[in-house]
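These notes open a run of structures that come right after.
Below, chain A partners chain B and then partners chain C, in two separate complexes.
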Partner chain A sequence: MSDVLVLRAQHRRSKLGRQFVSVGLVVPLFLFLVLTLGVPIAGTFWRAIDDSDVVHALPRTIDALRIWDGQSLPDESVYRLLAVDLQGARENETLALAARRLNYDIAGFRSLLFATARRLPGVAKESSFKDVMIQLDPAWGDLKHWGAIKNATGPVSLFFLLSAIDMKMNADGTTSMRSKEDSVFLQLFGRTFFISFVVTVICLLLGFPLSYFLTTIPARLAYPMLVLVLVPFWTSLLVRTAAWVVLLQNNGVVNSVLHDLQLTQEPLALIYNRVGVYIAMTHILLPYFVLPLYSVMRNISPVYSRAAASLGATPLRTFLKVYLPQCAPGISAGCLLVFAIAIGFYVTPALVGGADDQMISYYIAFYTNTSANWGLACALSVWLLIATVLLFWTYSRLLNVVPGNIP
Partner chain B sequence: MILKMSKAALLLVAVAGLSSTASARDLTVVAWGGPVQIAQSTAQFKPFSETTKIPLKEVSWEGGMGILRAKVQSGQADWDVVQVESDELAIGCEENLYEKLDVSRLGGKDIYIPESVSPCGIGSLLYNFVLGYDSARLQTEPTGWVDFFDLKKFPGKRGLRSGPKLTLEIALLGDGVPAKDIYKVLGTEVGVARAFKKLDTIKPMIIWWQTGQKPVELLASNEVAMSGIYNGRITAANKAGKKFKMIWKDSMFTWDSWVILKGSPNKDAAYKLLDFMGNAERQAQQLRLMANGTSNKQAVSLVSKDIAAELPSAPENHSGAFEVNAAFWLDNLDKLNERFTKWAAQ
Partner chain C sequence: MTGQYYPTVLGRVLRAMLWLLSLAVLFFLVSPLLAIIPLSLTSSSFLQYPIPSYSFRWYEDFLFNPEWTLAFRNTFIVGTSTAVLATTLGTLAALGLSRDGFPFKRLVTSFFILPIVMPTIVLAVATYFAFAPIGLTNSLVGIILAHTTLAVPFVVVTVGATLSGFDQNLVRAATSLGATPIRAFFKVTLPLVFPGVVSGAVIAFATSLDEVVMILFLAGPDQNTVPRQMFNGIKYFLSPTITAVATTLIVLSVLLLAAVGALRARVSRHYATVGESS
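Now for the complex of A and B:
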């Protein structure tokens, strides 16, 4: 009996030792992923809720507004505190960031803050700051502006996350949808998913026959053909997109050929519109669909199709009931891959699309680089990430419900 | 064997680490790229390196406040002297991203055109956004922005810069608003609606571009009949054999400026570079290579008459033009950009 115990202990020790070694081998990769993926994504999430610009610049005002009810204008004391804060912020140069942050809420707030800060030194200490400031600009008598300052209390807030899905925070703390004129992002998300969906379908319709063809030809032809599929894959994305401009423009190759063959009189509008975006994106994403599908199809034994035929099934029935279900993992892998990559596309629609074909990444880039509104850029990225994760999760749930049985 | 390899690897890493910290950074100047930067390089950057023996690294960029903010705030900025647009100048100065400029080290503010001097920057380029067209392809020539919106008299597509900036001004000019009232009208809700309504009349015929060279390509390949375009691109294309023309009246001008990023380790060398570039004769040399105005008052008088005629600073060109209002766009760019996005999607 003790032999068994000793053996068991030895077995457990050696097993632990092996596990330790295998975990140890993975640790560098894990650290790499944490540093290059985890930390930046966490940073993005943080920036989407970080809202400390105003509280740094106008601390006394923020403090005083905590007890403000939002129903009527604040008292004279709050106006005085704001004046003190504006002076201080101008001196220690924190005013610019607060001005930008408030300008995101109400356009024009930026110049309001700067103009007010510039004119305040001339105001006598005994006068009513409330009257003076409302005189300087009637916006200081508007509840909306004070509400905007209160909403920017921070140090964290939902302002950017709400703006990214066309919602806003009201002065009394509730949330509501923005007016139709101010709403644009839900539409952009919708457009992004729609374009990606259409591109996925086109890749499916084009990629499936191509993969099937690759499995039917002899091996010595299959490898060169596979290289043909991969060569565009290895070319720079920017070069490929620029090449499409040359091909599809009014005097481009396609239109010239069609014109010379007398097939068209007027040049076809193939670029700077949705058609150009679909063509270029499909060209770039097709290898991502073909490769996983081909690898699955290659491993499908022809035995099953022959068996079905020998049992009397028509070719169509064989294809639908025997072959297609076996391809399902390849198809779903290819579709998921294409869709996930398509959602993040930026350069291609920017170069070959029109103004209404730009996808969400274009606007994330706009807010990151041009407008420097990092809060909104990160908030849009966060929502895109959440939407993608939800889609994948739903899809995997659907796959689990039907575990690949042949009915 | 493994021990030997890991020892060698460690040594390599240590040496690499040491060498990277030991080298100091060369003075780095950043401009817009393309033919304009080539002209600046020939007239200014290369002569600077040759004369002062200070090594100068040239980089290009496309603009974007976020990039400058990221560089300065990370403390790892690898740029020193950067060319920025007027709104980037204003924002960066407010956010303390640039060094405050001491103009007395650059020859004193009297030698420069007054609008080119600012607390954080010194003017680098003066240029106009004009109506451009290919005179070889159009039988009748347009006379102004009103003709830009006349699809019957001038059939063909139109090129415009993607975004509300410059586009909305053009729409109001095409609708007959005089240049001096543009920003007043654009500041009202009614004015913005009017601008978009005017753009609706040619919307299907507009091709939107983003980079400065694109309208040249669109005009050259006859993709568009007329386009908003920067004046320097027209002059450069004509030097290459094209017959493009532009309309100076009601064009929009703006100053790009040189700034020194805050915390630059090459501040003294940067000042030397800016001082070098402020010299009238060297700016005249730059004017001979590209048609953008420069900051030194004397530079225009040193070039020949026909070169001066292509310059934004020539009196006959400058008198009809108006300045892009940077303060207006600072307040309204985000809001109007969202409006523009919505409008484009309809």
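Now for the complex of A and C:
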């Protein structure tokens, strides 16, 4: 009895020892990725919800507005607190950040805040700040502006995450869609999904016949042809984009060939527009469609199709009812993979697209670099990340493989 | 589906259409790469056919222009450092993950794969915000760390694939014959998975060689790399030097592809012989 226990304990100890070594081997990469991936992405999520600029600048006003019902204008005491806060914020230089944040909510708020802060010191202490401020700018008599301040209570909020999908938080805590003229991002997400969808469909239309073709010819022919798929797959994305920029110019190779064949009189506009984006993105993503589909199709045994044919099914019926269902996992996996990679494209649309062909990645870069609206850049990142991870999760469920494990 | 028989006229027509369409798609895939190669040898400043006369002047520009040499040097430093770091971390992790009874294997693997799943721009912006306050922007070290993050999943996957065909009994045999675990690793495991490790390193290098989005956010003018120089060239001034660089990169990627293909063949041959002898 005790021998069994000793043996069991020894077994457990050796199993623990083995696990200890296994975990020890993985720890360096795990820690590395926690620092270079986990921490930065956590930072992105934090910046997407961090909303403390206004509360830092206008603490007293925010405090007083917490009990404001949002139905009628705040009373004199709140106006007075705002006047005090504005002076304080001007001195400790937190006003600019608060003004920027409020300006994201209501355009023109920045100048309203600065103008008010500049002109308030001249106001006599005993006068009614409410009257004076509304006189300075009628905006202070508008519930909308007070609602915007109340919404920026912070320290965290859904403001940026909602803004990134054209929604807003109202003063009473409900959410609603922004007005048509303030809405941009749903349209950009729509464009991103639309371009990706079109590219996926083109990949399907070109990639399915090619994959099928490769399975019907002898291996000694199929392998060299597969290399023709693999070489572009392996070639740098920038090189392929550069090639298309060279080829698709007005006086580029494609247009001069078309002209020499007398197919066109005037050069076709093939670049810096949607056509160029579709061509270049399809070229880059087609191998991602063909390779997984080909590996699925190659393993489909022909006996089922033969059986169907021998039982009298027409070739079309055999194809639709027997062959196609067996390819379905490969087709859906290829489509998902192409679509998921496409929605994150940045370099190719930036180089071959026009202003109306930029995808959501472009705006993440834009709000980071050019307009320095980091909360919005991070909120757009979060939404794009969620969409991509969901697509890849579906992909791995479908094929039961780890993404990135491409032949 | 080999050896199918197409008896009807309609079948033959469909078959011919399939051939035509497939060859056209293959042509679409390869022709841009083939079209750009002769253009790199033009003596003219215009990227047009017919090519007036051939010269190596754009390759000379690429080799001797200080902007390009700096970019080339940086790319080489970043690429090799990334390959070394990613291969070390990735191989160790793949070895750990492949051992029996690794806890939460699926979850940990998904985490390791995340960098290639997420859009690069998301990771680039996140890395920029994380690296800027600690002085890792405008530095090669920061770029190497970021590229390692992007490249390491490929190493984990490649080495992991090699290990999945690896017979753990060989290690057990070695230890039962008295080898210490460390000796068994260096004498048995490593030689057998070495081709997989080298392919992992090659893919890591290729990943870094192709990467521009991280560079756009993390690099200053002193950290210019070949991809960034190309990006700016395509965007602002398209000179034939770009085609010379592109041709060089195409040749390089074909060589790398051939190297990885040969290594994979070697791995499967290894296993084939091990299988025969056992």
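As a working rule, the second predicted complex is superposed on the first by the 289 of 407 C-alpha atoms of A that agree within 3 Å, B and C clash if a C-alpha of one lies under 4 Å from a C-alpha of the other, contacts with A are read in each partner's own complex, and residues count from 1 in each chain.
Please note the rule applied: a contact is a pair of C-beta atoms (placed from the backbone, for glycine too) under 8 Å apart; a residue touches a chain by one contact, two chains touch by 3 or more.
Treat the numbers as computed from the prediction; the structure is a model and nothing was measured.
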item: Contacts of A:236 with chain B and chain C, given as first, second, both or neither; value: second
item: Chain A: partner with more touched residues, chain B or chain C; value: C
item: Partner chain in contact with A:188 - chain B first, chain C second, else both or neither; value: first
item: First, second, both or neither for A:368, with chain B first and chain C second; value: both
item: Touched partner set for A:385, first chain B, second chain C, both or neither; value: second
item: Touched partner set for A:250, first chain B, second chain C, both or neither; value: first
item: Contact residues of chain A, present in both the chain B and the chain C interface; value: 249, 251, 350, 368, 374, 377
item: Residue numbers on chain C that touch chain A, as the complex places them; value: 1-2, 4, 11, 18-19, 21-22, 25-26, 28-30, 32-33, 35-36, 39, 46-49, 89-90, 92-93, 95-97, 99-103, 108-123, 125-131, 145-146, 148-149, 152-154, 156-157, 161, 181, 206, 209-210, 212-213, 216-217, 227, 230-231, 233-235, 238, 242-243, 246, 249-250, 253-254, 256-257
item: Residue ranges of chain A in contact with chain B within the complex; value: 93, 95-97, 99-100, 103-104, 107-111, 181-184, 187-188, 191, 249-251, 272, 350, 354-356, 358, 363, 366-374, 377
item: Chain C contact footprint on chain A (complex, rising order); value: 15, 18-19, 21-26, 28-30, 32-33, 36-37, 39-41, 43-44, 47, 206-207, 209-210, 212-218, 225, 228-232, 234-247, 249, 251-253, 256, 283, 286-287, 297, 300, 302, 305, 315, 340, 343-344, 346-347, 350-351, 361, 364-365, 368, 374, 377-378, 381, 384-385, 388-389, 392, 402-405
item: Chain B residues within the chain A interface of the complex; value: 63-67, 69, 91, 94-96, 162, 206-208, 210, 221-223, 327, 330-335, 337-342, 344-346
